Every structure is written in structure tokens, then in C-alpha cells.
Amino acid sequence: MFGKDFLFGVSMSGFQFEMGGEDSLDPNSDWFVWVRDSVNIASGLVSGDLPENGVDYWNRFKSDHDLMRKFGINSVRIGVEWSRIFPKSTKDVEVEVKKDGTAIRSVKITEKNLKELEKIANMEAVKRYREIMKDIKEKGMWLMVNLNHFTLPLWIHDPIKVRKHGIKNVEESGWYSEETVIEFAKFAAFCAREFKDLADAWSTMNEPQVVSSLGYVLITAGFPPSYPSFEAYVRSSINLAQAHARAYDSIKSMSDKDVGVIYSFSPAYPVDGKDGEHVDMANYYQNFWFMDMITSGRIGKLFEGSTEMERTDMKDRVDFLGINYYTRIVVDKGGPMGWRILGGYGYGCEPYSRSRAGYPASQVGWEIYPKGLYDIIRMLHERYELDMIVTENGTADPEDRLRPYYLISHIYEVEKALSEGYPVLGYLHWSFMDNYEWSKGFDKRFGLVQVDLESKSRNPRPSAYVYSEIIRKRTTKGIVESVPYEV
Amino acid sequence: MFGKDFLFGVSMSGFQFEMGGEDSLDPNSDWFVWVRDSVNIASGLVSGDLPENGVDYWNRFKSDHDLMRKFGINSVRIGVEWSRIFPKSTKDVEVEVKKDGTAIRSVKITEKNLKELEKIANMEAVKRYREIMKDIKEKGMWLMVNLNHFTLPLWIHDPIKVRKHGIKNVEESGWYSEETVIEFAKFAAFCAREFKDLADAWSTMNEPQVVSSLGYVLITAGFPPSYPSFEAYVRSSINLAQAHARAYDSIKSMSDKDVGVIYSFSPAYPVDGKDGEHVDMANYYQNFWFMDMITSGRIGKLFEGSTEMERTDMKDRVDFLGINYYTRIVVDKGGPMGWRILGGYGYGCEPYSRSRAGYPASQVGWEIYPKGLYDIIRMLHERYELDMIVTENGTADPEDRLRPYYLISHIYEVEKALSEGYPVLGYLHWSFMDNYEWSKGFDKRFGLVQVDLESKSRNPRPSAYVYSEIIRKRTTKGIVESVPYEV
Amino acid sequence: MFGKDFLFGVSMSGFQFEMGGEDSLDPNSDWFVWVRDSVNIASGLVSGDLPENGVDYWNRFKSDHDLMRKFGINSVRIGVEWSRIFPKSTKDVEVEVKKDGTAIRSVKITEKNLKELEKIANMEAVKRYREIMKDIKEKGMWLMVNLNHFTLPLWIHDPIKVRKHGIKNVEESGWYSEETVIEFAKFAAFCAREFKDLADAWSTMNEPQVVSSLGYVLITAGFPPSYPSFEAYVRSSINLAQAHARAYDSIKSMSDKDVGVIYSFSPAYPVDGKDGEHVDMANYYQNFWFMDMITSGRIGKLFEGSTEMERTDMKDRVDFLGINYYTRIVVDKGGPMGWRILGGYGYGCEPYSRSRAGYPASQVGWEIYPKGLYDIIRMLHERYELDMIVTENGTADPEDRLRPYYLISHIYEVEKALSEGYPVLGYLHWSFMDNYEWSKGFDKRFGLVQVDLESKSRNPRPSAYVYSEIIRKRTTKGIVESVPYEV
Amino acid sequence: MFGKDFLFGVSMSGFQFEMGGEDSLDPNSDWFVWVRDSVNIASGLVSGDLPENGVDYWNRFKSDHDLMRKFGINSVRIGVEWSRIFPKSTKDVEVEVKKDGTAIRSVKITEKNLKELEKIANMEAVKRYREIMKDIKEKGMWLMVNLNHFTLPLWIHDPIKVRKHGIKNVEESGWYSEETVIEFAKFAAFCAREFKDLADAWSTMNEPQVVSSLGYVLITAGFPPSYPSFEAYVRSSINLAQAHARAYDSIKSMSDKDVGVIYSFSPAYPVDGKDGEHVDMANYYQNFWFMDMITSGRIGKLFEGSTEMERTDMKDRVDFLGINYYTRIVVDKGGPMGWRILGGYGYGCEPYSRSRAGYPASQVGWEIYPKGLYDIIRMLHERYELDMIVTENGTADPEDRLRPYYLISHIYEVEKALSEGYPVLGYLHWSFMDNYEWSKGFDKRFGLVQVDLESKSRNPRPSAYVYSEIIRKRTTKGIVESVPYEV
């Protein structure tokens, strides 16, 4: 049974949802140029679909919010686009920075700075974001504002140049540069000022580890800049953590609302069922290393020879954990690191098949493993003792064949965690409607509501009615029994 | 848009739903002995599942009706079991029969006969059926009572004996014998007397052609008596038609409600898209031959040398057509009859695969082809100009992966037919809940509502919420768009 | 390493191979009428393919034998058709029978009897068989003559009548009647007289348990008479054993060559890897019960209440075991008998898939499990200590995708058994060329050599070259390593 | 029927075959460092398998040649590794070059130059190559020597640096630099001097377009340097063509044997069966653009705005075409270029599935389309009128399930082309034995002969026996009929 304050909501981002209608274009981000680069398209790194053919939340937000309410949804997470608010550089706004090598220990943004920022900002975009947020609030829904979801302004990151000339030869090198930390702190402060009357909670960023690992290691995923380098991976990871800490400070100086971070967690399981150090290492690497930096302030050992450090300036910078959960990883003891992720499970299944453990796999080949959500909640509680919100959970499924099962079974696991006392405040489904799935384009359909990209009409999938019923009942009991799911 | 009187309902039968609880056993039917025959089980003809482990509608009908109402369902079709009401023979009740060779031209049942029948009848069973019907009525739902759904009392049909000794050497030979026609007329008259204050409409029987074809030709389907004989196939088909006509007369003499028949229609399509005589022949054989007998009174030519006849005593004996639609057939010109059904389409697909035409196939390997429902409505209207009710439509799908799509797309086709003026009065889904799927047992799950066979608990599948929403809106508009279905 | 006397050969039968050319028709067997019965075809029990469109070994045997020699084949098993040699009844030939209830304890056939039989026999057919056998011998190949392979003369068994009227109402009731035992003894004696100068070994019959189980229990397999009856199953099984014993006596009275029986063995394995009584029971039922009757003379307990008996007149009637091996069975403790065969293994796989244990499955859904051949050799040796010949082993595989692997791995297992001292005299592959696969027709292709049914041309598949190479080398060493097969 | 001089052979390369045994390591090539780069392994661009665990042809060539002879093989193509012969730079050897911008119009290598090169060369490697070639010749086989198969010496190309710093910031930039053309001319001249007494034919390079397209566009294929750039793609393509021309001149100045080039051809087919300009464009781009440069000397228009040029110094530089054929491409009119390659056909199928046209697909997802080999032979003859040799054709198939079919059907198409008078001199299968499949590692098994990587033992697959039989018969007649292949 979920309490009456439990947040049943949906998550969205800026880049994936906003464009598609009149005056909705934002051409100033790295992703905007990335997905239309002809070599990227020719090489198959990106789909060739373009975000300007999207679902146009920018103009249609009011009817979208109405539809949410109809289904009983009481909370929404949105993203604001840095490149919309600051299409031009903010580097000339001089702020007080305490720097120590590559460590940015503090960034102080004064009211004067904020006024300078306002002059640079696109205040039309700010206005539109306020209208969106106000409409959410007026319709009685709780609002989480997330400040960064993958995209960076072009003046901070030109991924085509990075790949062409090498990361060290390019000024706009994104999270590889600690300068980006400072600019992000400015952006966060400015957003806090502009939106603090509307936001019920803040998140600084979404899935930082995806940005660094897909950008700098797993380059076939098609994320900018697809520039393979372990050094860039580690450096950008640490800069993202610093950026979070400094943005946390910025927001907290102006708003008393909670500030969290959203992270994609994937609990590790031993393939043979036998726990061991290799499983712990996998979990550390996958789920804890980043989070440790901004809770205990410890930059831990990532691999042989990597820097370890204590950073008190990064300590205790999280009020709640935003949990994105899609699937698990299954590991054995192989590989040079003493553990490795096995194919046939987790993210490594054939589309629409079964995993090696017999669980169904989604349209994008992700194993559906509901128990993993419960397990990660438990693990995170044991390590961090923070409030938690499930900030993403969903599946690509245009025909809605697996989503009802997916939805019911995962919410069941949240209900179970709650009944055992774990402090989970909400469940925000990814996502309310179909949207632009980054390098994969429009083909991957994650919506409770289908969107016809021609007419932009919204059509609820069966899952929407199921979600509505769970929200109404505030329990999965009487519904979870209908799906063939071991409970 | 469906009118406010449109029947949105569910269909059930006796044998498949009743047993499972206290005092619910009915051991007196052919199917009861058939599914527990050890040779049948050993040979794989039947599943080995037993109906007494079923969903116990016999005792749980009140809460089941409550659940139906909750989802907005406004109409129910139930079946009564001949073997429950007459566990013993009614042959000794002498009635006036006009007989002409094997033709039973009329059966007159007097009030005196009915009183004699009452003495033989199990009035406890009658009482329970009345309670069930009353509860349906009291909850504001429209009721159709169907008198025969596959099962026969053992004193009329012992399928084990038939197979063992040959059909001519066995007295209780079911529909092979025209004597069964007379007994069925008695049973119908008796039911009309007992239930006429409660039934809103009557059906004499369900899918007569399935009884004869699976019983006497397609013997690997596991239907009693699995005794292969073309002669028995034709004879039982004609006897079923006669039985319908005589039951129609019986009921009409006592009730002014409409009397129809329920038939499993499968429109035929040419594999190459080119219409022709072979397609007409396929449709005649599959969909019209039986229905012609009881509308125009014509026993048509089934194959070279078969009897043709005019039977005015069978003419105009249908007030409405009950359409069971599951899938289509696809044909070419091959085979000895000049047409033949092709595998890879219709009923002949691999489970959970795609048909050769690219449509998804269900758990039992049936192609999902919604347009066929519209087409058969059109074809039947052109030939018979009778009111129509969709009396069955559904799919085996324990994980509810295809049912939402199935449900939405088929109701859409009904809506389309209605909008074009075809007289369709209702849509009754097969079925409300999981039940006993004849020789296939409990493994095949056709319910909007899942049933746990241990606890007997009812748990709505996602489809139930979708159906509820369509009923509430009285249209598929805004819902059908969410499924990837060509409209 | 196989010794120089090791028999590397092929197996064939009469009905499946002979017809297809001039004067090759034999319309006098039960199978001939069975496969063209229109209800059988309509019901899908048989394929509709007809044996008269077959490969015409009857006329083409010489070139077929030449092709065998080209590939190094040194041994052939053929079948003679009872219905060819005795198209008319031999019942009027009075012989001396010792009978004891249904037990036929001895049948004495005198020279006078044989002369009477000669008058009834179709001596043209005898002549042709002698030509075939002579050609085999002249080409230096070893010859096994098998007397019965599924088919019975129509005057002994009319399966259409049996099914129509019930087995007790039909005189020609095949192996259900102990009279058939006597006629078979006559036939065996006559064959021995006619062919004793040519045969190097005799087999009385092929796979007796398939005849009784598919004919009387597993009726969806489409074997005559598809008449379900446990009584008929047991009775025909015992009569087949008696028939073997009496035929053994007949042959031995005239020929000093070895007389064996061919049986389809399928070793049982526990699904959980744990041996137990249930596995022993499965093996007893599947592999030993029949064989015990004709070795130790013991009719064992088949199920609760079945007759047990000692029959000294049936004891020691086997000189060698003909092992047909296709796949195994996997069992657990379930079911009414305390053991049952599980689907997903052995004969119960999806065509061209993988078994649940990960082994590939053939075109007919049979798991490829080479180790089972070694295991059954070991088990049979332990129980009977008789010489053994692999008389069938092969796979349906028109594209020859699995056959090379199948062939190499199974012969490897024979080589292994031989190297450990088990007395295996030969390996006869099923089969040399494509042929008529009973109720499945021509679609199932078991040949090392493909046959074009139009032109009747013979075209060796890759497997033929592989077999040839193994024969040449007399070992699988250097070849078995090339297939991904755990050894 | 193939003539007695027809070359039935096998193709090999250096890098994929040589390493694996004592003193066989060559650490001086770009591929050697590429496949062990830790970011490449972590990102999944390469398999993690290492070539030093390979099949060790370097030491085992004698027994390998013996095994070839056993199967009747009469011709071999080998590759020599530039990095073995010149592990150190040859740039200091000054030669006379006629240069015109980026055009290298001639490179004159004098006897003096060759002597200088000899001092730089690793003469131990030269000696070993001579031993290998001599053994081939002594065993009566025809020898083709190919000078470049994908790998470049590290002093010419460091792909890790290219990707890290950008191609323009790196001196060793491979085929992107026209300086490489000059060094290749030196290498070719040196090889001609050292091996001219042994080679029966020369090829300058293998699949130049694969090097440029996978290196600079289709970067997920894992080929060095995986640096996406259209400019680099075009430039390296032209440099490869120049390099061929200059190498041709080098060799011709010293040897009177034919000099060809090996190219991977993939004929284009319209998806709707309708020919048109888009198909011609696809064929031009895929099959002719490169070849035109070195036959007619014309650098054609590759896309809007690309340079067109006549280069008489590149004209008539091919004596024969080496055809590598694996599969076709299927195109429609879509895409920015007016034609595009469709998935579900050709190289774009799911592994071990069927293509959309129903043809089987290999372990690496390549459609098996034998007719394409005939078609490309015809198309090439019409355009170039040169002698042709099939220099590669084969399939990844560890279990040898598709290879027999693949082999027979493709050789059949060659036989057909030959019978119609097309000048095809030979068929060299890829490959004799399993080897290192570049970024895919050892998992992809292309051998007629399986190799156990532990013991290095060679075990012929069934296909080897089939190939042997075709060679013996010099026809596919009597064999091709055994595979279900439309001819």
C-alpha cells in the first residue's frame, strides 16, 4: 500500500521532448549538431532521425499535463536545457573560484553575477519554462526540475571538433575540462534564482556516468563525442561529480528545497549465484564509485594506479538519490579487472528474446528483471541512508506487449521495499509519452502514451490505464497477480 | 461511437466455468468422461487437466458479477448444462413427433410432457441456474442463455464406447442419431419454461460445426468421440441443424424473446488476393452451409454426391446470428475439392510467431486478423439480413501481451461496421476469466481476468482496464491509435 | 579404430523404398490403403503423399548398389514385403500349432506346407527379391534380410475397418490377433527357404513396440489403425513377441545364420541428473520389457495388474540385437506411473531448435544426443550379453545441415564402445537415400543421398562423402575433431 | 565442367594466419597494436582475442601444404607482411618520384635503391617467406603472392595516435598520406626482386575499399583507425589506387607475371526488382569507382562536388581482377544519395537467420546469395574485359552447417559463368583453415579445416571432402543437385 503522499509520476527531459512545433527549435547544443553530422549518420552511429520532428512538449505542455491528471499522475520531473537558457557563453561572467589544480573547491556566485547572467540569458526561454512549471503546479502536481540531461551548449562542447582534432586540441571540450564545472555552477545558480518559487525538488544532472562512459569508452553507442580514452572517461567523471557539488552549493544558497542527483543504477549479480569480491567490485564500479564522491567526499580507486583522494568540499552534497533503474548486470570473475559483465543478461540480450536466465528482453534487448529494483533500493539504503525517488523506469515497447508486465512488476517491487520501511518517496515512470531516444531516434518507444509524429496526437497505451488503476488503488495488490511474475 | 444500448459483455459456458468448488461436480457428461480417459491422456489427445480443478463459477458467481459491473460490463452470456438438468434419460417422456426417415419435422411438447420432465430433472441444478441468472438481472445486466455448448449427457453420448465399438454398434451415439434431436427439443422446452422470466435472449447451441468436424474428421483436436467418418460428420451436422430448428420451435412456443444460434465464422481469403469460385466455395463450406439450413431451409450440396434437400420445417428459424470470430482462413485452388486451407495463416500458425502475412499469432497459433471480423459481419448481412451479436472474440494469452491489441483492434472493426449501418447489437468477449479450454486444459488462458487455480482468486489483466475504458467512452477512438494497427 | 570386418552399411525397408517405377506397385498392404484413406488425409493423420511416387528401388537397385560401393559401403539391410510375397491369405495352409489360450507355443511348418505356400505365393516377387539380394552379394556386400517392417497384408489387417467397427468386430485385426502369429511363422519359414542361400543374417521384425504403441496409444502419430486401447496395445505387443519367437524357430530350422530382432531403443535419463527407481522403470518400459520376453522368456509386469508369465517357448530366441537409435528420453518422477517423459528433450523438441539441454533438434524435432548411443550399447550389453548391430541411426535433414555432425558424432560413440570391448558388429545408417517416411510422407528426408522424386536421380549429400571418408579411414579420428562436439 | 588448368585453391593472408608458434610474432603492424589497445577492447570495438594465439602457419606450412594436396588443391594465395619485411622505415631510401600536388605519377626504384632496401629489410623474414613459397611450388601448386592485406607497418600508421590527436596532427597517418604510396612502391619492388622466381601471379593489395570505408566511415566495424571523416575516406581511397598503380609499375619492371588487384565486390539489386539509375549508382559506388581509376585512369565523381580527374599514369594497371565475393547488396531509391543499402539483405541480416528474401544468413549475418557471384562476373566482364580469378569466397560456420551448401552453390555459379565463356581462371576458397578474423577474433570460423587453437591440430570439416570431390570430378554436376538450391 502506498501512502497518500507517495509520488506517482512521470519523468521527461528537455532535448527529447521539446522540439517538434513552432518556435521550438534549439540548435545550440552538442547533441543537436551530433545527430545531424553526415559521417555519424553514414557510419550508423546515429539513426538519422532529427529532434525537430519530435513531440513538441514546448507548445503542447498544457494538454499533456491535463492528460497526466486524467490518469491520476501527481508528480512530474522535467529538464531545462542549458543551451536554451544560455545559447551564448557565460565565461565572461567573472566569479570567485577556489581552485586547486584540477579541483574546483568552491564557486561563489554573487547577486551581481546573476544579473550579468540575466543579460546573457535567453529570457524568452526562461519565460516558457516558467509557464510550463506553473501549469504543472496549478494542476496540483509536484515538480522536480533537473538541470542537465546529457546535452551541453555548443560553446562548451563541440563533439565533432573533439573527434576530429583530438580532445586536447579543442577548447570546447565539455566535461573533460574543469572549466565546465564553473560554468555549470553559474547555470545552476541562475536556474535556482529563476525557478525557486516553482520547483519542489531539484536534481543537478541525469546519469553522469552514462555521459562519460558512452562518450569516452563504449563509443559504438553513438554518444558525443565517441572519442575513446580512459583518461577522458575518468576526468569527465570526476568533473561531473565536482559539477554536481558546486551546483548543489549554488542551489542551496538560494532554495531550501532538496537537491539530489539522478543516476542509472544496475545492481550486479553473480552468474553462478555465489557472492564474492568480484560482485562487490562490480557494484562499486557500476553503482557506488560516483555516488561516494558526493556523499563521503571520497574519490575511490577505480583501477590499478588511479588517483584516490578525499574531497571534503564534495562531501554531503546529496539530499536524495534519484534512481533510474532499467535492468541489472550479471557478472563473473573473468577479464583483466577480475570481474566482467556477461552478455545474454541485463543490457546484453537480443531484442524481444529471452535472457539466458529466462526473463523477457525488451525492444532494445534489455532484460526485464523487476527484483533488481528492490535490491538496488536495499543496497543504496544500506550504504547511504538517504531518501530515494525512482526517477526513471520504463521500457521501449511500441506494441505495449511487455510494458504492462514491466510496469506492474516494478511498482510491486517498490511497494515491497516501502512495506519493509525503505524511504522511497516516489515512482516516476519513463516516460509519459514517446520521445526522441538519443542516437536511436524515434524508433524506440518508451511512452505510456503513444504519439503520432505526423499529427502529434497523443494516444494512451493500455499501460496508461493500468498505471492509472494502480495509482487509484495505491497498491499493486489485485493487479500484480494477473501477470506471470514470481513474487 | 457505440450507442447507449450497445451490449458490451462477456461470454461463458457451463462445463468450462462451473466446476472447481463445493458441490459443483457434474460427472454426467460425455466431456467429463472423455478428459479423464486414460488412453486419451496417454495418447496426448487431452491434456490431463481435469475440470473439477476449475474456476468455480457455480459458487462464486455473485462476486464475479460484481467484478463485471466494476468494469462496466452490461451483458453476459451463460450456458446451461444439459447433463446437470437431466443427468438421467428423458427418452421415456413420450412426445408427439413428426418424423420422415431421418428428418424430424416437428416435436410437440405439451404441458403434461413438461411436468413429466420436471420429475426427471435435477431441480437443484435448475434452482442454482435461476440464482445465477437472477443475480445477473438484479445487477442490471442483459442475459443471453445458451442451451448447448459442446457437452452431451452421457445417456445420449458415450464417446469411449463409440470409439471402441464403432458408431453403429453403440446406442448412445450423440448427434449421429436423430433421436438426439427429439431429446434436445424436450430439453429446450423445459429450459424455456424454467428460465423464460430471466433470459433476455436465447441461443440454442454453440458452434455446431466444431462439434461435428472436430468429433468426426479433425480427430487430432481431441474432441469426443475422435471417430473419423465423413458420414458421421455430415449426419451429425444435419442433426444439429434439425435440433436447432426443433429447439427454436420449443422456445418460441413459450417465450417471446429472440432465439439465435452461435456459430464460429472464419471468412476465407485468397492467398493471391484474387477472388474466385474457390473462395466462394470455401466460404460456403465454412460459413454458410449450416446457416442456410436454418434460414432458407435448404440443405445444400456439400460435396459431389451429397444429399440436397428443401426443409421448410427448418426455414426461418433464426432471429439473430451469434458470431464467434477468432481468425480467418486463407485458401488457394489446390486439393481434391478445388479449394484448400493453407498453413501459415489463420488457425495454422506457429504459437507466438507471425503468420505468413506478418500478423502476430496467439499462444494457440491463431493469426490475429481484426479486419476479418468486419468482413464476416458484412458478408453475413448481405446473405441473411439478420441482427448480429458478436458472441465470442478473444485470445489465449496468459501474459496479456497480445490481448490489449487484440481487443482494441477487433472492437474497432465492430465500431466501423456499426458506423456503416450493419445491425450489430453487441460484443461479448471470450471470456471474462480464465477457464477450462476443452482438450487443451487450463494452460490456455483466455480471460480478461486471470484466475489463480489454487486460491481461485480473480485478478484483472491490463486488458480488463482497456475494455473498461472503451466501454466508458463507448468508442475506440483515442485508444485504437495507440496500437500499431493499420486502420 | 574399426576392424576390417566391421560392417559399415545402410538400412532400407520395403514399403518406403520399392515403389515409384514400372510394375512396382503393391496395393495389398494395410499401409497402402491407410495413407490414401480420405478421412485420414482430411484429418491430417497422414500427409497425403503416396508411396507410388517413391524412389523405385524395385527397378533401380543395381545402380543404387553401385553407388553404395562407390562410397565404400560394405553391408546392406533390406526388408521384404509380406504383402508382395503373399498378397492372398495363407490361412488355409494347415500347420501344426501348439496353442494354450492365446499363447502360441510352437508352429511346425513341414516341407509339404512350404510347397502349398509356394502355390499361393507371388513367385514373381520372390524372384525380384532374389535378384536384389544376389546383386548385393555379387557386389561383395554383406546382407541382412528383415521380414517385417510395419506393413501387414490386407488379409491380415484392415485398419480402416478396425477403426470403423471396433477391433473386436473385425476379423482382420492384425497383431491384436494371435492368429497372425501363426501366419507370420509360415511367412518366415517360406522366406527362409527361398532366401537362405543369400542372407548373411536375418531379422524377424523392425521396431515392434512402435507398431503397438503408435497403432493403439499415440494415435496422433497417424499409424494404423489409430485405434486407442491399452488392451490392444498390450496384446499386440505380446503377439509381436510370440511372432518373433515362432519366426525365429521357423528360420533356425532351415538356416544356420544368426537371427535377430530390430528394436528402437531410447535410453532414459533423469532430468535432474539423479538416478533412481523412476529412471529404471522408464528404461524397463522403454527398452527392456519386450526384449526380456524373447531372451529370458519372461513377460514382465507392465503396469499394476498386468499379467506376468514365464514362457520357456519364447526364451533364448535372439542371436543379436539390432539397435535403432535416434534419440534419448528424459524423465522425472511425475505422472500416474511414477515416471514420465518430459517435453523439450528427446522426441519432444521443436523442429530445428535446441533441446532444453542445448542440443540441436532435427527437422522432425528430435534431439541430437550422440552419447545416448554409447549408453544404450553399454546398458544392453550388461543386461543381455548379446552381439549388437546398429541397424538404424540417422536424421531428417533435407539441407544436410545437421547430418554431418550427426553422423560423425554417433559413429564416434560406436568407436568408443568398440574400443572398450563391447561386441558391436556394425553400423548401418538410416538411410542410404531419401524415402517415404510413413504418415509424414516425402517431406522428411533421411538420405545420405538426395533423390529427386521427379527424375528419380540420386545425388549424394555432403554427408555421403564424410561417411565414405570414415569408412576409408576406419576411424573418426581426425574427423570428429572438426565438429563442435564434447567428447 | 572445369578444364584441367582451372585453379581450385585456397586463399590466406599473413596477419590472420602466421602467428601462434615459436618465433612467429610480428609486433610491428598497426593491427597488432590496434587489437590489444585497452580502450578498443573495453569499448567492444575489437574482440580481445590476440593474433599470437593463432594457427601458426609460419611454422606449420609444410604440413598444411601436404593437407591441401591431399584434398586436391592446386593453387594457393598467400600474403606477405610489409611490417615483417620492413619493421623499420624505408623513408630514407631516396627514390625518384614524379609528384604533382597529391598525385604520385611515378616512382622509379633503381637497383641501388633495392640494395639499400635490402640492408633495412629483415632478411630472416624474407627467407622464411621464400621457404613457404618454395614448398608450395615443390608440391606442384600454383602461387599467388599478395603484397598488402589490411596491415601497415607502425612506422607508416599508428592508429591509436590518429584517433587521439586527429589525423592531421599525426605523421604516421597511413593511406591518408600520399607518402605511403611511395613507400609501398619500394616495398613492391623489393618483393618482386626477392620472390619473382617463385610467384606465378601477383596481387598488390586486398580489398582497398574495405580499408578506407571501415577505417574512416563505418567505424563500428572496429578497423583502424576508426576515425570518422569523409575526407579521409576519399583521400585514402585515391591513395590506395595510386599505390596499386605504382606497385604495378614496380613489379612489372622486374617480373613478367600478371599483376592484379583483389577487391570485394557486391553486386547491387533493386528491392522491387526494377532496375534503374539508383541501382547503377549503387554498383558504380560499390564495385566500379575504384576499379575505373586503375583501368581507364579515370577518378570519377563519387558525390556532389568531389574531384574528377583523368590520370593516364594510373591507366591499364590491372592484368586480372581478383574477385572476393561474399554476398550482395539490395538497394532502394531512398537516402540523400538517391540510393541506399537496405537492412535484412546482404551484409545486414541477423546471424543464423533468413534474409528478407528467404536466403539463409551466416554466423556473421551475411545472406547466402550464390547467383550474385555469377552476376558480378558477368558485370565485370562487360565493363573491363579482363581475366578474373575468384580470390575469396567462404562463410563463417564453425559447425559446418551452411558451408557445404555455400561451397557447392557458389562453385556451381562459377561453372555456369565458365560454360558461357567468361574468362574465369580459378576459384580460391576463403579459407583453407580457421584463422584470426580481424576485429571479430577467433570466434568466426571460415576454415574448410577446423583448427584447435590449443593443440594447433588441423581437422577437416565435411566441406573439405565436398570440395575435394568437386575438384576430383571437375564439375558440380551430381553434387549440386543434393542441395536445395534453385539453379
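Note that the chains are named A, B, C and D in the order they appear, and that numbering of residues resets to 1 at the start of each chain.
To be clear about the criterion, a contact is a pair of C-beta atoms (placed from the backbone, for glycine too) under 8 Å apart; a residue touches a chain by one contact, two chains touch by 3 or more.
Keep in mind that what you see is a predicted model, and the values were worked out from it rather than measured.
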Chain located farthest away, centre of chain A as origin (C-alpha): C
Euclidean distance of C-alpha centroids - chain B vs chain D, Å: 66
Chain A-chain D separation of Cα centroids, rounded to whole Å: 45
Distance from the mean Cα position of chain D to that of chain C, given in whole angstrom: 53
Residue numbers of chain B (touch at least two other chains): none
Set of all touching chain pairs, with the criterion as stated earlier: A-B, A-D, B-C, C-D
Contact footprint of chain B on chain C as seen in their complex: 38-40, 42-45, 163-166, 168-169, 217-220, 226-230, 336
Parts of chain B lying in touch with chain A, wherever the complex brings them together: 398-402, 404-405, 408, 449-450, 452, 457, 459-463, 465-466, 468-469, 478-484
